[in-house]
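Look at the two complexes coming up: chain A is in both, with chain B in one and chain C in the other.
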Partner chain A sequence: MWQRETFKKIKQIPGEEHVLPGTALCAGCGGLESLRLAAKVLGDDVIYVNAAGCFTMLAAYPYTSFKGSWLYTTMGSAPAGAQGVRDALDVLIAKGRLPKSENLKVVVLGGDGSSYDMALSSTSGAMNRGLDFYYFCYDNEAYGNTGMQLSPATPYGARTATSPCSLQHPSGASQEKKDLFEIWRAHKPPYIATVAPRYPLDLEEKFARAAAFPGPKMFLALAACPTGWLYDPAETPEVAKLAVETGLWPLKEAINGVVTHTYIPKRKPVESYLTLQGRFRHLFEPTVQTDTIQHIQARVDAYWVRATREGT
Partner chain B sequence: MDSQMMTGNLAAAWGVRLADVDYIPAFPITPQTEIVEALAKWCEGGELAARFVTMDSEHSMMTAAGAAEATGARVFTATSSQGLLYAFEVLYSVSGWRAPLVLVNVSRALAAPITLESDHNDVLAARDSGFLQIHAETCQEVLDSILMAYRIAEDERVMLPVIVNLDGFSLSFTREPVSLPDPEQVQKFLPPFRPAHLGFKASAPHALGVAVLGGTPYAYFRHQQHLASINALEVHREAAASFEQLFGRRYDLVEGYRLDDAEDVLVITNASASAGKAAVDAAREEGKRVGLLRLRMIRPWPADAIRGALRGRRAVAVLDQNLAPGQGGILFQEIAASLYHEAERPRALCSFIGGLGGQNLSVGEFRAIFEQTAKAGVSGKGIGPVLLYTQAEHREMTQLQMVAAGTQRANGL
Partner chain C sequence: MYAVRFHGRGGQGAKTASRILGTAAFLSGYLAQDSPIYGAERRGAPVAAFTRFGREPIRERGGITHPDLVVVADASLIGDPAARISDGITEQTILFINSPLYAEQIRTQSKLPGRITTLGVTEIALQHFGQREAISALLGAVAARLAGLQQEPLRQAIARELGDLGLAPPIIERNQTVALTCYESVQVMERESVAEPANIATTFHTPVYESPSRGTARISATGNSVLRETGGWRTFRPVLVADKCNGCWLCFVYCPDGVISMNKDDRPVVDYAHCKGCQICVHECPTHALVAEREQEGRVAWTAR
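And then the complex of A and B:
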């Protein structure tokens, strides 16, 4: 049974904010809430290395949302930017040109559009080289900053601007969500975790635990997205909660490749999650697409049967 | 002075070693690979106190290079051809970050068809990227240009990255005598890299490459880049004077060869300039008053130096080792634009396209260029683009086509 060691009570979460309010991001952004919580452990001695996506708007001249540093790179190569910054800091410190007290944690910020496809090469390279960095993927399951188009993180059955529901494709997206966690795990980084903003203690604990591991520390954060998933921004906590409670977004970690589920949900029916969001509305109106809903439920059930059998 | 035989690639590596760089992200590609192999060996052996990292692509390589430079390290990297194009969007990022790294491009023609030998469509594709560009003719110039490149790039008035270009095969794999500058003298020429406006650190956080909203801030930063690039003309002049004083070799923005009384001038770049100079000598022996202008700095574009060298000539021929399909030669257009407002502009401008993908530039072709240019000068009517292709090349190609056709028949297609 997985147990939190550092963060047992909500009071233990530091009050100090490191992502400052007043950003250009949408109200109710679950990705930003995940980052806000993560930054409470990461602190201010950080450089965020950003890939093109929603979070690019966190530093828009002449403002930045951070007390730490920021480098925008490209959509496909933020981990390579992290490599350059990390190596340069190491070299400058080793040569005595930078005091150790000036050192920074290097944190990649990329959305699912970048992380699941275009940046796979540079991410794979960074993990393969054992780069000492954090990777924070905020996953809102579509190309959000461009207006919600299909990404490889889009779940089966979701409607996006480029996977509309039609007579040919009544379910909307007809492909399954790519399993980035397992792609990362194949690289054997010391630490990988999924997190969700509605589970702050779980999230904080994972960032605290990750700090002990030199090398790649990989995070996949649920970014419940009112703008793209089509629900009221006030419902982000509920949507994020149900993503976990239905079992669709498993909370887990992998330490040196060994997977542990950090929270075992009782698994509410997936409908409770799907019906909250406009992107799944076509599954219920004008007729209920029972096959599609059952398919989604069956996938979740199969996942948890496997996870339970493997005792993780 | 210690002089030894070495390839253009090894001369490039020596330039990097003498520049005492901190960081080298790399990715192999022919014909550049020998450079990073030499550097990897020296980093491993301790001759060069730099960190060497093999990246997953040129796109990643260029990102890591720029990010490290922006963090305050002196950075070198190298590529060719497809690699340069694979890194292309990052070139604009790095110049926008005002990260003054040095990139060696070993020119190689672009696919398709895929090939290994040289022309300049790769490096000239990057002419609008914000990188400065220095194109070298000899192995010695490759080494010297890398030292000059760091000094110019890191100057507070410039703070832009530089591409040093050398031709694949004809220079990268050709051995020439190279004099290795004394490291202590190099330190006088190239002070340690201590940038005032770059670097990420805990006590002084800053944001780089941030988004801007609208054209007002965007245009401001773009204008800054342009003005800084123009500053490099003056900074190059200073660096060249200092370099000559310390090492006895002189490099200007452009190099004139037998220009003094030349009626007609051939404009050329890179290693083919050596063949061009020999052709000028041969033509001179026949009594023709021809000269050569080699463009060394391509960005910033040295318009004044070009006008100074070409004003009052009868005719000018530009030999482009590149082809913009549907337009012609890239450098021809820029030369023509530079001469438009020149009161004593040449009577005729001629455009020749040759040396594509390692295509030979023969004595006969240079002779034909001079003859056709002289004729154009007399008539006052420019020609081109002329696609150079000799009868021998045509025969060879016809044979290859026959072989290709024969193979198809044998396969029953």
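And then the complex of A and C:
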């Protein structure tokens, strides 16, 4: 049974903010909420290496919301940028040109378009080289910054700008969400975790635990997205909660490849999650697409049957 | 040619309103063109969209610098320099402001040139839809009226554009009905002949190459995003009913922008200069100690520095 060791109570969450307000990110952004909570553990001695995406708006010239440093890269090369920064810091410290006290944590920020798609090879390389860094993927399941186009993280049945509900494809997106957690796990990095903004203690605990592991520390954060998923911004925590409670977004970690589920949901029917969001409205109106909904439910059920059998 | 510029906040439907107007003009037999500003527009951030229509082929492209009509979807944009509402406005320009205030009040407060007309479209939308930020059809209707288009092409244009967004027929029908109410209610201004802009810049500036160490934008400050106030994004503000609060911290924890802090008595303090009004705190408060209050115009709800 997985237990939190550092963060047991809500009031242990540090009050100081490390991602300051005034950004142009959408009101109610679930990705920002995840990052903000993560930064409370990471602190200010951080250099963020940001792949192009929604989080570009965190430090759009001439304003930055970070007290630490921020470096901007293309969508495909953030982990390579992180390698350069890490090496530079290591060399400067080894030569005595930078005091050890000024060492920084290197944190990659990438959306799902970057993480699941364009930066997959450079992430693979960085993990393979055992780069000492954090990877924070804010997953809103589409290319959100350019207007919600299909990405490999888009789940089956979601409507995006490039997977509309049509006669040929009544379900919208007709491919399954890529399992990035398992792709990462195949590289055997010391720490991987999934987090969701509605589970702040679980999130804080995982960032606190990861600090003990030298090497790649990989995070997949659910970025519930009012703009792209088409729900009222006030419902971001509700949507994130239902993603976890239906079993669609399992909260888990993998330490040196060994998976532990950090929360076992009772598994509400997937409809409760789908009906909240406009991107799934076509599954219920004008007619209910029972097959598609059952397909989504069956996939979740199969996942948890496997997870339970493996005793994780 | 008739040139209309829409200003709104991302999510209010300025872009769709511009499309509705363009389609309505096209269905009325005009040649029409519409386009939004492409940028990193965000729900709540200032956005703009442009519609041109006329009997002659339209050669002009890009943003509208000399509008005949400016439609402002959110009165809080007037005070936001980033929105650039006053660009190219003359005494002849018709300015529509979505506000329940009288035109005269807006004129006195904003000191904008141009002939101002107002209608509380958000109030009408809240009354009929019970929802914030669903006013594209209503803005399109107001613009169509002020630009002199008829009702029938407007109705068809709304059906077409909202249909493309995947809205269900009953919702589209309701939008049409309420849009026509707005069409009837807005006070019409006669168009005055607009003097041709004296000079349109035709010179091109070729950027000089600089190496990335010089040529890329660099921010040397830390944490200066707080200088950029986002309080004007709100339609509703969270307000604390102090005696209901049990000091649970959840509002502080769930606020994505980190604008809620807890004071020494464990009560939330909202930074209204930056709160974007997402209402997560109101939605999540277990004791309903935070309530949503409509932002009041005319009262100092939020001021830009």
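Operating definition for what follows: the second predicted complex is superposed on the first by the 312 of 312 C-alpha atoms of A that agree within 3 Å, B and C clash if a C-alpha of one lies under 4 Å from a C-alpha of the other, contacts with A are read in each partner's own complex, and residues count from 1 in each chain.
The criterion applied here is as follows: contacts are C-beta pairs under 8 Å (C-beta built on N, C-alpha and C of every residue); 3 or more make two chains touch, one makes a residue touch a chain.
Fair warning: this is a prediction, and the values are worked out from it, not measured in the lab.
Chemist: I'd like to know which partner A:I10 touches here: chain B for first, chain C for second, both or neither.
Modeler: second
Chemist: Touch check for A:I47: first (chain B), second (chain C), both, or neither?
Modeler: Touch partner of A:I47: chain B, not chain C.
Chemist: Taking the superposition on A as described, I'd like to know which of chain B and chain C A:S101 touches: first, second, both or neither.
Modeler: A:S101 sits against chain B, while chain C stays out of touch.
Chemist: Should A:P237 be classified as contacting the first partner (chain B), the second (chain C), both, or neither?
Modeler: It touches chain C, and chain B stays clear.
Chemist: Just to be sure I read the superposition right, which of the two partners does A:T260 touch: chain B = first, chain C = second, or both, or neither?
Modeler: Neither: A:T260 stays clear of chain B and chain C.
Chemist: Between chain B and chain C, whom does A:C26 touch in the aligned arrangement: first, second, both, or neither?
Modeler: Touch status of A:C26: second partner only.
Chemist: One more residue to check, A:S124. First (chain B), second (chain C), both or neither?
Modeler: It touches chain B, and chain C stays clear.
Chemist: Now for A:T74: first (chain B), second (chain C), both, or neither, which partner does it touch?
Modeler: It touches chain B, and chain C stays clear.
Chemist: By the touch definition at the top of the document, which applies to A:A82: first (chain B), second (chain C), both, or neither?
Modeler: Only chain B; A:A82 stays clear of chain C.
Chemist: On chain A, what residues does chain B touch that chain C touches as well?
Modeler: 56-57, 59-61, 64, 66-68, 70
Chemist: Sort out for me which residues of chain A touch chain B in the complex.
Modeler: Interface residues on the chain A side: 44-45, 47, 49, 56-57, 59-61, 64, 66-74, 76-85, 87-92, 95, 97-98, 101-104, 121-122, 124-125, 128-129.
Chemist: Hey, which residues of chain A end up touching chain C in the complex?
Modeler: Residues in contact with chain C: 10-11, 13, 15, 17, 19-30, 32-33, 36-37, 56-68, 70, 145, 159, 164-165, 197-198, 200, 226-227, 232-238, 278, 281-282, 285-286.
Chemist: Under the definition above, what is the set of chain C residues touching chain A in their complex?
Modeler: Residue positions touching the partner: 10-11, 40, 42-45, 131, 166, 168, 217, 219, 221-230, 233, 248-250, 252-259, 261-262, 271, 274, 276-280, 282-284.
Chemist: Mind listing the chain B positions that touch chain A in their complex?
Modeler: 22-23, 25, 49-51, 53, 55-57, 59-61, 63-73, 75, 89-90, 93, 97, 194, 199-203, 205-213, 217
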